[in-house]
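Both complexes below contain subunit A, partnered by subunit B and then by subunit C.
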Partner chain A sequence: MIEHSWTDRRGFIRKAGLLSLVASTFTLLPRLALAAWNKAAFDSKTLADAYQAMGVDAPKESADVQLLASDIAENGAVVPLQAVSKIPNTTQISFLVEKNPNMLAALFDLGPDTVADVTARIKMGQTSNVIALVKADGKFYTATKEIKVTLGGCGG
Partner chain B sequence: MNRREFLHVLSTASAAGLTLSLKPALAEQSAEAVYDAPAFGNVSLLHITDCHAQLRPIYFREPSVNLGIGGMSGRAPHLVGDAFLKQFGIAAKSPLAYAFTCLDFERYAPVYGKVGGFAHLATLVKRLRATRPGALLLDGGDTWQGSGAALWTNGQDMVDAAKLLGVDIMTLHWECTYGQDRVKEVAEKDFAGHIEIVAQNIKTVDFGDAVFKPYTLRGVNGVKVAVIGQAFPYTPIANPRYMVADWTFGIQEDNMQKTVDAARAEGAQVVVVLSHNGMDVDLKMASRVRGVDAILGGHTHDGMPAPAVVENPGGKTLVTNAGSNGKFLGVLDFEVKAGRVADFRYRLLPVFANLLPADAEMDALIARSRAPFESKLNEKLAISEGLLYRRGNFNGSFDQLILDALRAEKDAEIALSPGFRWGTTVLPGEAVTRENLLDQTAITYPYVTMTNMSGAQIKQILEDVCDNLFNADPYYQQGGDMVRVGGMAYSCDPTEAMGRRIGDMSLDGKPIDAGKNYKVAGWAPVAEAAREAGGEPIWELVERHLRARKTIAPPKLDLPTLKNVDGNRGMIL
Partner chain C sequence: MGNPMKIRAASKDGVTEVKVLMNHEMETGFRKDASGAPIPAWYINEVVAKLNGKVAMEAQWGPSVSKNPYLAFKIKGGAPGDKVSVSWTDSKGDTRADEVTVS
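Let's look at the complex of A and B:
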């Protein structure tokens, strides 16, 4: 039987039986991250505590840090975020959500020659400021964006 | 100066943002004068949007409350009544005043008659195409939803009518509530070779691949014209996400800029965005994205006789909005010289069913598509003593009827009904037919819900919806109206921040207790769980209510006490 409906990548991968292969490749990543797991930072309940645990001092808002995300989350349980840093020698990018029970949602340690462009899908309980925090040459820079989590319905 | 020249001056002046006071009695104008639209330039775009599946002529009352807050206060589109007439130089009591405002609606509706209808629209489109060879017909979406016949045919009646009308390009919103598979089916089968769906802001959830072409490039009289699609950014939020489970939307401003740049790089001499953002969002986008000649907008159902001219770092962008329910046809004529837009004319022509004869071919198609449902649609459910309409920021009399029915039939203390902007109007003394009722309720998730909600939860819902309407940043607005609230009194200060707009909540004169539970009836839930619970469709409940009463007295509107909006030109009290 010939299938003619490989209209998108999802369909192609499913039909080619590759989805499980892709998934198993990704499961390796968290284990790599474990090496540098900053438990105190991830357990922090306030922004000040998280910053302290991460050694953040006087972070500066910077136009060279871009935080790309929807203005309103389509689903608070899965909010896609992207952060891009144009600051040379960026070694770390984190996402923090001011109104989540635990501030720090994700932290990426970047090796040398790594493009400072990361994405994550995080969970948000309510409308909040989200911070992309960049570490470069030991200094910290941020971009902040409010992401609204709404009940939905009632559209025109 | 003869009448033809006079009207030409008028259209040029209003297009340039000037206002003229029109002294001659437009009421006396013939159809010829109303539709006197001399051709201009070498690229013409015809624009319809938000017809909400109204194939036959209807009545539609424009809002008496459409508040603009902060920077939008007193600015188009947030003008109603006399303020609207003054802004656009339209004579009071004229056919145009009847089409564009709610002023004396009950008096003039019988005089000037029904508006819209695809057979009458088809006649107008053909006339304009005769003087504008190569003109493209663009459909901004919300075409397949809004009537019983559209719901029962899964949007097929509208798909066929749009093809016969000669739509070239469209974008999406309510179409998606038939499910992503149905939209793809129409795009790939019915529309193939006829209508192209464009949307730069619909991507797959998994890899972010484009679901539709972001734009299409067409040659019009030797000029390359790019039409970029902008679907309603908040479709998975305002409507059930499960309908478009594999798609993600959003405004995607950066991608819009990239798309404009790509279209220009491909040689586009004219770039327009066919948008379902809503007008406030379009105005903000126009101020930030470079290289767009015009945004042809919809969603917020603002019939704007003249475009806004918005400055941005790349130049100027026109922003139009073409109303709703098939009332209007937008006509944008560009003069393109030396590879760029040099000048333009814009008109928003009302479709007066009495002034435009029905196109026979379209009329026959509509009759055929309605035939299986005709008797069911025409069934009379009750007589309405008052005017029944929906549109307005806080409530409408048809919504009040739905709220009253919900409370009575479900024995609820409080009723909530969504602030949709579609829904036709019934004149006093007329029968409310099943078709009229379905014009207000025909959606694919019509379930009635009964919930015990705490006072705190009710406040949260009101605050949440109110912020979708009045957030100072248009990018956070979803373009619907406020949820209609039956039984419970409250106050609203639109100028406040989220969480502080709603106050003085009370039921039967007693303050609402944040910790106490109340019986709340509603409908149109977006959660998947509500679909599985499978409540009664709202139209069955309201029909039962209407039949039992036979005659409906003019509904007394439950309205909030408004604060800090005195003198706002977006409100008539």
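Let's look at the complex of A and C:
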């Protein structure tokens, strides 16, 4: 009798389960904080949903978080943003755009020696509030700035 | 294999500043081509940056990061001769890794 274990349903399920366990253990080890790309957060269509998917509870607007960007973005396809946090133990910085189809644009988990100062460029469909969200010691802080867009970046 | 990145890493006053310019379409999935058919989403969703093999930053991105993404950050420590490596994975599973020496 020839029975390859992979064609046997139960054996396959057992092995697949074992493999995924091994894989998840392996991928968890070198990570800083988050295990995998947070699909739920990136799919969120409201700020409340995005915050929930990111585990954000009652974020506070803080003067120690700075969102550096120009007031007017001539080209919504390329809007430079810089977020700086002066809050000790800042471990995560995110950029969210309230009026984009999906709020969350980018999330950065920082290592212990990484300065809480991140610059990136994002797309904006229209004039909107942009939020720099900072996580420090498990608490969340924000800086909000309205950026006017004269030419949208999500058109086609 | 994706297109090469441009990475600059410079050490100054005990801080290593890293600037990365990636080469990627970052297609949102909201655009349509000339015939009106939707262009499928295709974007970098994970980025890992390391200094001397130690993870300094892990980023998760959505499609609203700009085309040909630019990223800048700073790491305490690091000296000329150290290695900074950056790698990304996109939504199609393509990857790219590049390394530079800190100047």
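A few comments on the model shown:
Heads up, the rule we're going with is that the second predicted complex is superposed on the first by the 114 of 156 C-alpha atoms of A that agree within 3 Å, B and C clash if a C-alpha of one lies under 4 Å from a C-alpha of the other, contacts with A are read in each partner's own complex, and residues count from 1 in each chain.
Heads up, the rule we're going with is that a contact is a pair of C-beta atoms (placed from the backbone, for glycine too) under 8 Å apart; a residue touches a chain by one contact, two chains touch by 3 or more.
Note that the structure is predicted; figures quoted are calculated from it, not measured.
Of the two partner chains, subunit C is the only one touched by A:N38; subunit B is not.
Of the two partner chains placed around the shared chain by superposition, neither subunit B nor subunit C is touched by A:N89. Of the two partner chains placed around the shared chain by superposition, subunit C is the only one that A:D109 touches, whereas subunit B remains out of contact.
Look at A:L151: by the touch rule set out above, it reaches subunit B but stays clear of subunit C. Comparing subunit B with subunit C, more residues of subunit A are touched by C. Once chain A of one complex is fitted onto chain A of the other, the partner contacts of A:T46 are absent, as it touches neither subunit B nor subunit C.
Contacts of A:D71 after superposition: subunit B is touched, whereas subunit C is not reached. Using the contact criterion defined above for the overlaid structures, shared-chain residue A:N129 touches neither subunit B nor subunit C, since it reaches no partner.
When the two complexes are laid over each other on chain A, subunit A has residues 80, 153-156 in contact with both subunit B and subunit C.
Of all the residues in subunit A, the ones that touch subunit B in their complex are 8-10, 68, 70-75, 80, 127, 148, 150-156. Within the complex formed with subunit A, the residues of subunit B that make contact are 173, 204, 206-207, 209, 211, 232, 234-239, 241, 246, 248-251, 254, 278, 299-301, 418-422, 460-461, 464-465, 467-468, 473, 475-476, 478-481, 483, 498, 524-526. Those residues of subunit A that touch subunit C in the shared complex are 30-34, 37-38, 42, 77-80, 82, 97, 100-102, 104-111, 113-115, 117-124, 153-156. For subunit C in complex with subunit A, the touching residues are 15, 26, 28, 30-32, 39, 45-46, 51, 54-67, 69-77.
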